[in-house]
Amino acid sequence: MRNLAKHLKSNSYPLATIGLFFALIPIFFYFNLPFADILTRIFAISIYALSFDLLLGYTGLLNFGQSLFFGMGAYITAYTLNWTEFNFMVALLFSLLVGAILGVILSLIVRRSFKGVPFTFFSLAFVMIILSMFQKRIFRPVSGGEGGILVPLPGILKSIWAIRVFEYGFLGLLAIGLLVAIYKNTRNFSLLQQVPTMLVSSGIIGGIFYFATEHLSYLESAASFERLTANRYYLTLSFLVAIYFLIRRVVSSPVGKVWQSIRENETRTEVIGYNTFNYKLLALAVSGSIAGLAGGLYAPYLLTVSAGNVFDPFITIRALIFAVLGGLGTLKGAILGAGIILLLEHFLNPLIGGWTSILIGIIFIFVVFSMPRGIVGELTVTGGKSFREMVREMVS
Amino acid sequence: MISTLASALIDGLALSMLYFMIASGFSLIFGLEDIVNFAHGSFFMLGAFVSYEVVSYTGSFYLGLLAAGIAMAILAALVESGLLRRKFGNEMAIIMLTLGIMYIIHHGALLRYGAASSTYGTIPSYIQGTLKPGPIIINKYRLFIIVLGFIIAGGVFLFLNRTNVGLIVRAGIDDVDMAKALGANTKRTFTLVFAVGSALAGLGGAAAVGWIYASVDLGLNYLFFAFAIVVIGGLGSFKGTFYAALLAGIIHELFAYYIPFLAGPSLFILMAAVLLLKPEGLLGGATQ
Amino acid sequence: MKNILELQNVHVEIEEAYVLQGVSFQVPEGQLVAILGRNGAGKTTTLESILGLWPPFDGDVAFKGESLLGVPPYKIAQKGIGYSPDSARIFSNLTVEENLRMGTLNQDSADLEYAYELFPLLKDHSANLGKSLSGGEQKLLALARAMVDKSNELLLIDEPTEGLSPENSQKVYRALDKVKERASVLLVADNLQLAEKFAEKFLVMANGVVEEKGNIEKLIENSEIAEKYLGTGVQ
């Protein structure tokens, strides 16, 4: 209970509520399918960028073969939906597990050059071998060849009850968030002030719920692709939120501290008595599982999974750009970077076409040049802990 | 039988020379300042298109090659002195900058050329067609690439071993701080190496147009080939790069002729094997 | 007497370590100044900060009356300063001859004869790769590389006889004798005898500051100084 109270007191709570509110807007109040879809894509890619930031921003490992996890995750989900009776959630679990396993395998193979440029090169070789094998004719049964394999639409994305769960769930969270926020801000008010505030706020919440029922009855009668869009949006958003908080938890745990000290100076971390290999293996496995999950979530979005579109090193390069633009080692930065760039592409592509990418490249170089910590990093300069301080924290 | 083998070897040698032209500059740049230049493959690709354009416009094949080399040298010198130099010592920032440049060149080329592949409309007649000594058939253009590659390799070798700047380059690869402490202007030397290395990449791209065609894909592909070659040959070792290119090119083509599905991954398998078994490179370590 | 080198209150930080905490001393022209002190006292860092490899964040380094602050290392070296580091740091993939040529970058044409005169054994190895030499020979090569350019007016020499056999040490002594005639020297001495044999002046460093300095006679006469700062590790 005390823990909960502490949580409620913290700043992040009202922020999360506001975030939740905005997250519901695209589908809920402003029913715009293409825009909801672009946000869905941002959420899925953000999860991938988070996995990348976890590895590069916190552990200092630049994995150029990160798309191996992503691609395998996408393939595994496609296989599961195609060839088994399991549902989408189980498929995602498989994708996650395969990502973790590949992370462990890669760590074990690469153990002799598990840092810096050699690791980057090796991880690239790993994904390039798989990519070029998958493109060969004899691997066609598993790779689907040029055209790739079709991803059947998971039932959950079409179902009405899923929408209900998502909508009432999110709305419930939103209502609780609003109530708590209002309660916190009116605690010191006199009764005379409190009563009208409560009335107004319950009015707002009631209105939202009324709107929700209207909206749901519309969705129930709507075309299935509209339900699909809404469901995919909610599902991906839920995963992004869950994974964001999970990673934030992990990187501030003792394990996360060791990761960061490996990033700063691996030799010294070893000297203090940590087996850095185990920690790097763990980082790669966690990052791999998240990237695998991102691939799985992305698969229904892609409709077909082919080696060319899921293993492409350009996916990794883009994730790198997202994470660096937003700020390495900030987590929020990876999401912000993905959001900024994908939205820029969404809005500018119809206007200036391919020039958008060139503009993005220029923005990226500008940020690297003048904002070395990335956007989030520069906005929230905490002074940065010195290595010594980190070690002291770890030892104590 | 013998003719297939001969063709595989000729193709292999020609591919080796393309590998060498992309990897030698990459290796020297990495050796001197520990810079992983992600834009290096883009210089190869851009060289291919520059040459293609110049040849289409002027009709002169050699002018195209020359233009590719010079244009890439100038572009690289600008990139180095305008951007990279200000972030020296910050490995991550340099990687990001070269990555950004690669991103821009890649998308710029996509804008102009899309997914099309292009080849030269005209090349001199003496490098067209084939030679047929006995049962063997030799493609003359591939022979030309081999000759060009060996000439460039010889030139770079002489530059490194017979000139003072070459001496400073090799000393800098060993210990750049010590070279500075002895009065070597390693920054200026590096700009030169960066420009020359990129010119070699551009020239390689130009040579590739007449065989494997110019396309945007060349950029990333040849960047990764360069990674693989320098790993196989040992980071920063010039001779190692040359022999690794020979080995990898010939193995690739032997596979392509005899076990096709292994040809694509062969280079990366070789690279992975070297990283696992002999991280200092096949020719690194004991003998230089 | 004119000073060829003058350090004033030099402060250097390496990563997070505050290595030099206000070092001041002079090297008079034509003299040999020996730096003594235990490991970690900041002797090597002093030489490296003179060369600009670790630029001071405070204080001043002046060579022939000209400040070296903000001057890149290669330009400092080109002003006529030769350097022989403690761990040799020869170019292992260059031949002996090429290593020596790296010491003559300031000259229009490489004249290596002087180096071979100082260390005749290098001539026999001139075409061998640096890494094929023994540890002691590498050390001699590093010294030769610092000394080969006769136009250098100041030599920074770091622990020249550290780990050398008695025969090789003798060779170093002979070379130092010859070099002293034409150049000023700042020498990090790995033992007391080396300082007493060649130095006109000495300074003792501890914990990043100069604790004692003066004419070498002062050191020879006051055995307490040696005992206090150098301990029994220095015979």
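Per-chain numbering from 1; labels A, B and C assigned in written order.
As a working rule, a residue touches a chain if its C-beta (ideal position, glycine included) is under 8 Å from a C-beta of that chain, and two chains touch if they have at least 3 such contacts.
What you are looking at is a predicted structure, and each value in this text was computed from that prediction instead of being measured.
Every chain gets a centre from its CA atoms, and the centre nearest the mean of all protein CA atoms is that of B.
When chain pairs are compared by their number of contacting C-beta pairs, A-B comes first. The geometric centre of chain A is 56 Å away from that of chain C, both derived from CA atoms.
Put simply, the C-alpha centre of chain A and that of chain B have 37 angstrom between them. Averaged C-alpha coordinates put the centre of chain B at 42 Å from the centre of chain C.
The residues of chain B lying in touch with chain A in their complex are 30, 36, 83, 86-87, 90, 92-93, 95-97, 99-104, 107-108, 110-111, 220, 224, 227-228, 231, 235, 260-261, 264-265, 268-269, 271-272, 275-276, 279. Across the complex, chain B meets chain C through its residues 164, 167-168, 170-171, 173-175, 177-187, 288.
For chain C in complex with chain B, the residues that touch the partner chain are 51, 53, 72-75, 77-78, 83, 85, 89, 91-94, 98, 101-103, 105-106, 129, 145. Across the complex, chain A meets chain B through its residues 62, 109-110, 112-113, 117-118, 120-122, 124-126, 128-129, 132-133, 135-139, 313-314, 317, 320-321, 324, 328, 353-355, 357-358, 360-362, 364-365, 368-369, 372.
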